[in-house]
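These notes concern the structure reproduced below.
Note that the chains take the letters A, B, C, D, E and F in the order they are written out, and that residue 1 is the start of every chain.
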Amino acid sequence: MATDVSQLVDSEHALVSRRIFIEPEIYQEEQKKIFARCWLFLCHESQVPEPGDFYTTYMGEDPVLVVRDDHGKVNAFLNVCRHRGNRLCRADSGNAASFTCAYHGWTYRNDGTLTGVPHLKNFYYDQLDRAQWGLMPVAQLDSHRGLIFATFDKGAPPLREYLGQMAWYLDVFFDRREGGVEVLATHKWVMPCNWKFPAENFGGDAYHVQWTHLSAITTAFSSGVTANPRSQGSMVSPGNGHLLICVGPDDVGDPPVPAIQAYEHAIRDEVRQRLGPRAGLISPIVGTVFPHFSFLRSTSRTFRVWQPRGPDKTEVWSWVFCDKAAPAEVKEQVRLAAVRGFSPSGTFEQDDMDNWQECTTTCRGVVSRQMALNYQMGMGHDRYDAGLGAWASEARISENNHRHFYRRWAELMTAGSWAELAPSRAQAANAQAANAQAAND
Amino acid sequence: MATDVSQLVDSEHALVSRRIFIEPEIYQEEQKKIFARCWLFLCHESQVPEPGDFYTTYMGEDPVLVVRDDHGKVNAFLNVCRHRGNRLCRADSGNAASFTCAYHGWTYRNDGTLTGVPHLKNFYYDQLDRAQWGLMPVAQLDSHRGLIFATFDKGAPPLREYLGQMAWYLDVFFDRREGGVEVLATHKWVMPCNWKFPAENFGGDAYHVQWTHLSAITTAFSSGVTANPRSQGSMVSPGNGHLLICVGPDDVGDPPVPAIQAYEHAIRDEVRQRLGPRAGLISPIVGTVFPHFSFLRSTSRTFRVWQPRGPDKTEVWSWVFCDKAAPAEVKEQVRLAAVRGFSPSGTFEQDDMDNWQECTTTCRGVVSRQMALNYQMGMGHDRYDAGLGAWASEARISENNHRHFYRRWAELMTAGSWAELAPSRAQAANAQAANAQAAND
Amino acid sequence: MATDVSQLVDSEHALVSRRIFIEPEIYQEEQKKIFARCWLFLCHESQVPEPGDFYTTYMGEDPVLVVRDDHGKVNAFLNVCRHRGNRLCRADSGNAASFTCAYHGWTYRNDGTLTGVPHLKNFYYDQLDRAQWGLMPVAQLDSHRGLIFATFDKGAPPLREYLGQMAWYLDVFFDRREGGVEVLATHKWVMPCNWKFPAENFGGDAYHVQWTHLSAITTAFSSGVTANPRSQGSMVSPGNGHLLICVGPDDVGDPPVPAIQAYEHAIRDEVRQRLGPRAGLISPIVGTVFPHFSFLRSTSRTFRVWQPRGPDKTEVWSWVFCDKAAPAEVKEQVRLAAVRGFSPSGTFEQDDMDNWQECTTTCRGVVSRQMALNYQMGMGHDRYDAGLGAWASEARISENNHRHFYRRWAELMTAGSWAELAPSRAQAANAQAANAQAAND
Amino acid sequence: MTEAAIREIEQFLYREARLLDERRFREWLDLLSDDLRYTMVTRANRYPPSSKAIAVLDPARLPDDETAEEDALAVLDETKPTLAGRVARLETGMAWAEDPPSRTRHFIANIELSPGSSAAEVAVRCNFIVYKSRSETEQDFYVGARRDLLRRVDGTWKIARRKLVLDQNVLLAKNISIFF
Amino acid sequence: MTEAAIREIEQFLYREARLLDERRFREWLDLLSDDLRYTMVTRANRYPPSSKAIAVLDPARLPDDETAEEDALAVLDETKPTLAGRVARLETGMAWAEDPPSRTRHFIANIELSPGSSAAEVAVRCNFIVYKSRSETEQDFYVGARRDLLRRVDGTWKIARRKLVLDQNVLLAKNISIFF
Amino acid sequence: MTEAAIREIEQFLYREARLLDERRFREWLDLLSDDLRYTMVTRANRYPPSSKAIAVLDPARLPDDETAEEDALAVLDETKPTLAGRVARLETGMAWAEDPPSRTRHFIANIELSPGSSAAEVAVRCNFIVYKSRSETEQDFYVGARRDLLRRVDGTWKIARRKLVLDQNVLLAKNISIFF
């Protein structure tokens, strides 16, 4: 690619070129440098609980088959037959001992092994080494609190290292009660926008709530916690591009549904206990694991992947989740709050989508495209907070998370490999230590 | 861009490469070298007559908001919020004191000033200089006879210089009576063709009328003046790529509607008087201001912009106009003549669109694309006419205007800036003087 | 093009990069190096039997008009007006003495001569040399057994040399009885796949029949000869990228319709006699003339062109054919067998299309795209067979034809001209002689 | 309105639609009353008065409603004679946008009747989808609502007023070369 | 035809359409008469005789009309047994173009009746839109007209002839794996 | 059901559709019964039990049928109060996805009636196409089937249950900001 990506993100002035939201060459480069490299969310373990259970999804634009084998191990493979590249499995989910390709009938066991090749003996003369032609597995697969992630890059750091301090913040959403969470519903739809707009929005845009969503707040679809001037909180970046919007530990961001609020009240102490002292400092309510896995706890409870489909097209794959230990009535209310708040018909979500679309389409103009976007809110007013294990804004609303996101994006887009990134991660660690030191002083 | 544009227009042989009508790289280059540089038509003053009146349109693919401020001054801005690039105003037109962005609520006054930034104090720490983040204005804006034009290029010559001799020709359409014209109706639609085909057609293609439009002429939808072998006229190029189809001063090109023809007869002397002696030499009936603003007086009365939307897609934004001083009945007949003649349902226009589409789609073939188009009609048979202030064809039908159009196109596509173009404009002036001299001899 | 095509086809290991099925740059290069160069099928002589008969089709993405002139000679031209590039003829077929362009009325005789230019005298000053501006003919046109082919490349070898040993194999389909064949029906539709998947499939993929089409075979829509373990045959490559699937001379691959099978039985000896001794060795049932003309004799009788329309889009233009000498009842049954087996609704064809689509779309992923496709079946188990005049697989099912196809594809994509290809053709001839020698030893 | 009336009008409108799809334009013209007005309008994007996207400066500048500006958005505004002229044009063999002809299919749905201003008249609302296919691969859907005024003349229905609302702002089809 | 007849046929056709959308193909086959012929044709682009785009050389070479060449453009030409074969194929679990199955929705509109050749028969015209959705994001609209001959047999209607005209030249869907 | 019943229901549904297209949302709310449940589901891609594409490992893991998982695929699951809340939200002037408003057109087709569980109720099936146009060039088609339960209350019909099946897997529209 001729484009010099390093010029597109001006961290010093918190300006980002609009070219990265529209130009096809940059999008293609993102596929290689971001999506073929980072740990990407696949699905939740509750979606493939039993041997043989499978779930099909995407990593970037690559189709992926997640399947639990006969021995209970979850694997993920390119959902592509090794012979002539046909899509192997065409169902959203199901249960299978094996998958047979519709074209020539090659059969793969649910652990990826190529078990059946018609006429292997008489037409292949037994010269095809089946061991070499099993399904192509992802390079690494791991899970955290039931969230299954994978990466195509053998050189990527382990998942725990990739998540770093983000791990605890995920626990707040996905492991606050024994048993973790389960998936209640699935929503998939197409948005005509660049994937980074929703990713940055969920990661740090508490600012838009007071205006974009004012109609939903005033008509009681949400408690609108971040729009409440009395609320506390901070924009929190635990590193590696991961982001969180947090409110104060005593702010209430739950959906305005009596059954849910009663439930939250009832489990409050148990949860605080389980999450440890940090839960007394901060309450994360929305966030993004870099690059495109976002999750939400206030108003509605969903996690989602912003599947990239071109510079100006994104598929949302969104799942509603709830504590497994919650009573059935609470689960139903959580499902309904999501359908009504954050889904294609969501009274919150629909207005977001309109904005993200227009942020994207206006980039088509060659003059508009030269206009840098402004990410300056709260510059110089964030610091590393050892208690939070993260950089955090002084104010409860800021764009410091956005700045972390695009800095990380630029690092990945310019680095030739994870090894090249390592020094910058080391630097980050040093900076972190230095800041931590300062914070302790 | 690797493409050497200078090879694509062969002025000597009047051949033009078909690549310029289909290749995406050339289209993108046009956006920068033509549309981000030239004076482009925005709207007519009668469309924003009062303070607060606004009109949204495009310059190339850039969305633009034209708005008259509280003090009555018309300004034009990128219709893009400076914060995260959201489209600011989503209505076609209306009246506003201020515009508030739907995303985070930044508010801009109708003079472009950023007046409202929620939480400027507590979250921006008053460190955002609002004066730096007002709406991005066009580089220059000016109007001629109520026609509002703008350019994104500070280096562009002033509008009057850009129009040059074209100014008088515009007067014939838009200022022939006291009060000028007003807009009666608006038509917008999508054509699957390259924008240059309609631009060249309105600028100089009198030749197609006798065949493309024969069906409409024989069924009395038009007087078909240019198809009338007894008519006079000339293809006229006043310079800078501007073009006009003209008939003789006594040829009648008005719509075949009694009320209109009676009106024209009644105002004839008044108009001649106002337009001066040149009106006794020539009668312009259709034309194009380079690059993509066209207007029409015969058969129907419309002016329009060929909004580029990709190499093979154009949006027509067409407006019906009439002398402001005309009686209501005439205005209504003028409106009807346009709906019936030049609109998406126009008995003339629909056949044009079919041809331009097929001129474009056949460029997809790699062999067809190598075939140069023929613009040779009347080569060597045009000259500079001092009385007309323009190059003019000897015959009433010729392709000399097309040749001026593509020569100008090639100049702009190869020049690095307006300053670089200056010499060639100077040369043109010299040539003009020389020709004028010759014409006077 | 920056892409080094020579790296994409690894003949030694029979691996093909998936990039050639999805990347736009490679597709554009194919248009120039394959489609603007090779002999391409236009139509069958029975489709333009009389003077004036015309048929419109495409060579690659170039629109082409095939027309028999007043003297009975078939010509082919770009279906593009030489003036401004309008599509000249917009009907699928018909009969015409001349064609008039809808834009300005230039008229071309059915031999391509530009006969009418309105106002040639008064506006062109008789300076347009009509002889230079007739329709642009193809570089070469020739026919074999009623099949009309053309090439845009003057440097291409003559059709007979291009077909080489393929000529006899075409005879088996199109000239097995006196009078040859005639076209009974036409089917056109859009497939969301790369054109090479159907081309390779018809050329050599006997392997898929036993699985892709098992549903149609078990429900009696076909005799499924290639899926029959008792059948004989071989994958046969007569050179230059042409390919055939053949069964044994006594295998029956006809549609399972009594009237057709009775007819086949009745003409069997006559056909053997006419086709000569090779018909006693082998029975070709499906094939592809490089690059994209395929034909089928078993199950249904159709020939078709895989019209390229982008890397992931192909139009199928398919025609049903039958021996001209066959009785009407047989013709009707042949037509019905094609509608029911190989057409957009074909019980065979619909499953193929689904597979080719998914083979193509999975290439979108940047990781999947790096995965080479496997064409290794029967490597080292094919040889030149002098009796067949072709390379042939030992086994009745193999992927040796695919390997020949992509080797040829790579040769053409890397060669600068046909002259550059000549040595490789010479080498092929030498190899052929050597192999023939070996075969005779 | 009675069942029978709805059914009668419905069948009249279906037959009318079929005449158009079968390109029997002269027979179609016979169904139009001599004083017909036949219009089609597109639709504007305007902020409603309630919108907080803008602060209105001069409320007097707000249009009363969308229909107040209908003439300014009409893409068809015809009489029986001008429609007859369009049919005549199609018959010349030189109406290139329809040569070869396009293929249309008219869908008339959600038919509702209300009384007209006289006993001989009936007002009919319906929704329409008109599919147009042309050349090799072009297709368009024209979608909207229609209000007709039908009048009984000499025992048969005639169309006295037809107003079509096309539910688009920028018309997505390249032209309107057909009838509705 | 009477009101009641139209309503009866309409309800029959709606139910039939629903059987297809619910993939109750065996029940659908029961609605077909044993002598059914069931065809679908696409449409050619031809210059009409009036066209000035060409000068015809040999008028004898002009097709009488588009329908004269129907067989040459048929994309479906079925009998009850071949339709039953298609259903059987779908039931094998190996009809890949329908595995997982597509989602269809049949719209039957503009129904008009005319008498058949016997008292037991009725000819029915309608227009159709069939929407097909498949896999994650594929969708197609099949649009056209249909002429049915219905026959009353033992007190129930059977479909004796169905002729579908699909208003496209190049079929824009990748296949026809469904019923109409 | 009788002719008259079908016609009555049909006209009720057409009028209801028109209220939506005319954005008369408050009048529309009046047509809903207080105990309304109103849902829309999308559709899953699943291998049927007959499929040979996979060998099932654990048959107990097969869903009974697609509808068994309806809640998990609902994109609308409303009551009268939540619908009223949505209408109130649209009235705030800050519902950006509908400001300026979109243009809708509802097509109600293939209406079939069956008795409800009481004499005052009737179950109604229909197919729908809802066309949505917005801003300059956006358009979407929402296509599917609908099952309503209508109840006669004080001489007028009220909608007591509405279940919409949208025939898509990945919803191709960017949102559902309208009513069905």
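In this section, a contact is a pair of C-beta atoms (placed from the backbone, for glycine too) under 8 Å apart; a residue touches a chain by one contact, two chains touch by 3 or more.
Here the structure is a predicted model, which means the values were calculated and not measured.
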For subunit D and subunit F, which third chains touch each of them?
B, E
With respect to inter-chain C-beta contacts, which pair, B-D or C-D, contains the greater number?
B-D
With residue numbers as the basis of comparison, which of the pairs A-E, C-D or B-D duplicates the interface of A-F in over half of its contact pairs?
B-D
Could you state the distance in Å from the CA-based centre of subunit B to that of subunit E?
49
Centroid spacing, where centroids are CA-atom means, of subunit C and subunit E in whole angstrom
31
Inter-chain centre distance, subunit E versus subunit F - centres from mean C-alpha coordinates, in Å
28
Of all residues in subunit A, which are in touch with two or more distinct other chains?
90-91, 100, 102, 188, 190, 211-212, 351, 354-355
Do you know which subunit D residues sit against two or more other chains?
3, 45-47, 52-53, 92-94, 96, 99-100, 107, 109, 129, 135-137, 141, 169-170, 172
Can you name every chain pair that touches?
A-B, A-C, A-E, A-F, B-C, B-D, B-F, C-D, C-E, D-E, D-F, E-F
Under the stated contact criterion, what part of subunit E meets subunit D in this complex?
3, 6, 43, 45-48, 50-53, 107, 109-112, 125, 127, 129, 141, 143-145, 167-170, 172
Of all residues in subunit C, those that touch subunit E in their complex:
50-53, 70, 89-100, 102, 110, 184-192, 211-212, 214-216, 218-221, 315, 335-336, 339-340, 343-345, 347, 349-351, 353-355, 357
Subunit D to subunit E touching residues, read off their complex
3-4, 7, 11, 14-15, 17-18, 21, 91-94, 96, 99-101, 103-109, 129, 131, 133, 135-137, 139, 141
Residues of subunit C that touch subunit A when the two form their complex:
18, 21, 197, 207-208, 210-212, 351, 354-355, 358-359, 361-368, 371, 373-374, 376-381, 395, 397-398
Within the complex, which stretch of subunit E touches subunit A?
96, 99-100, 135-137
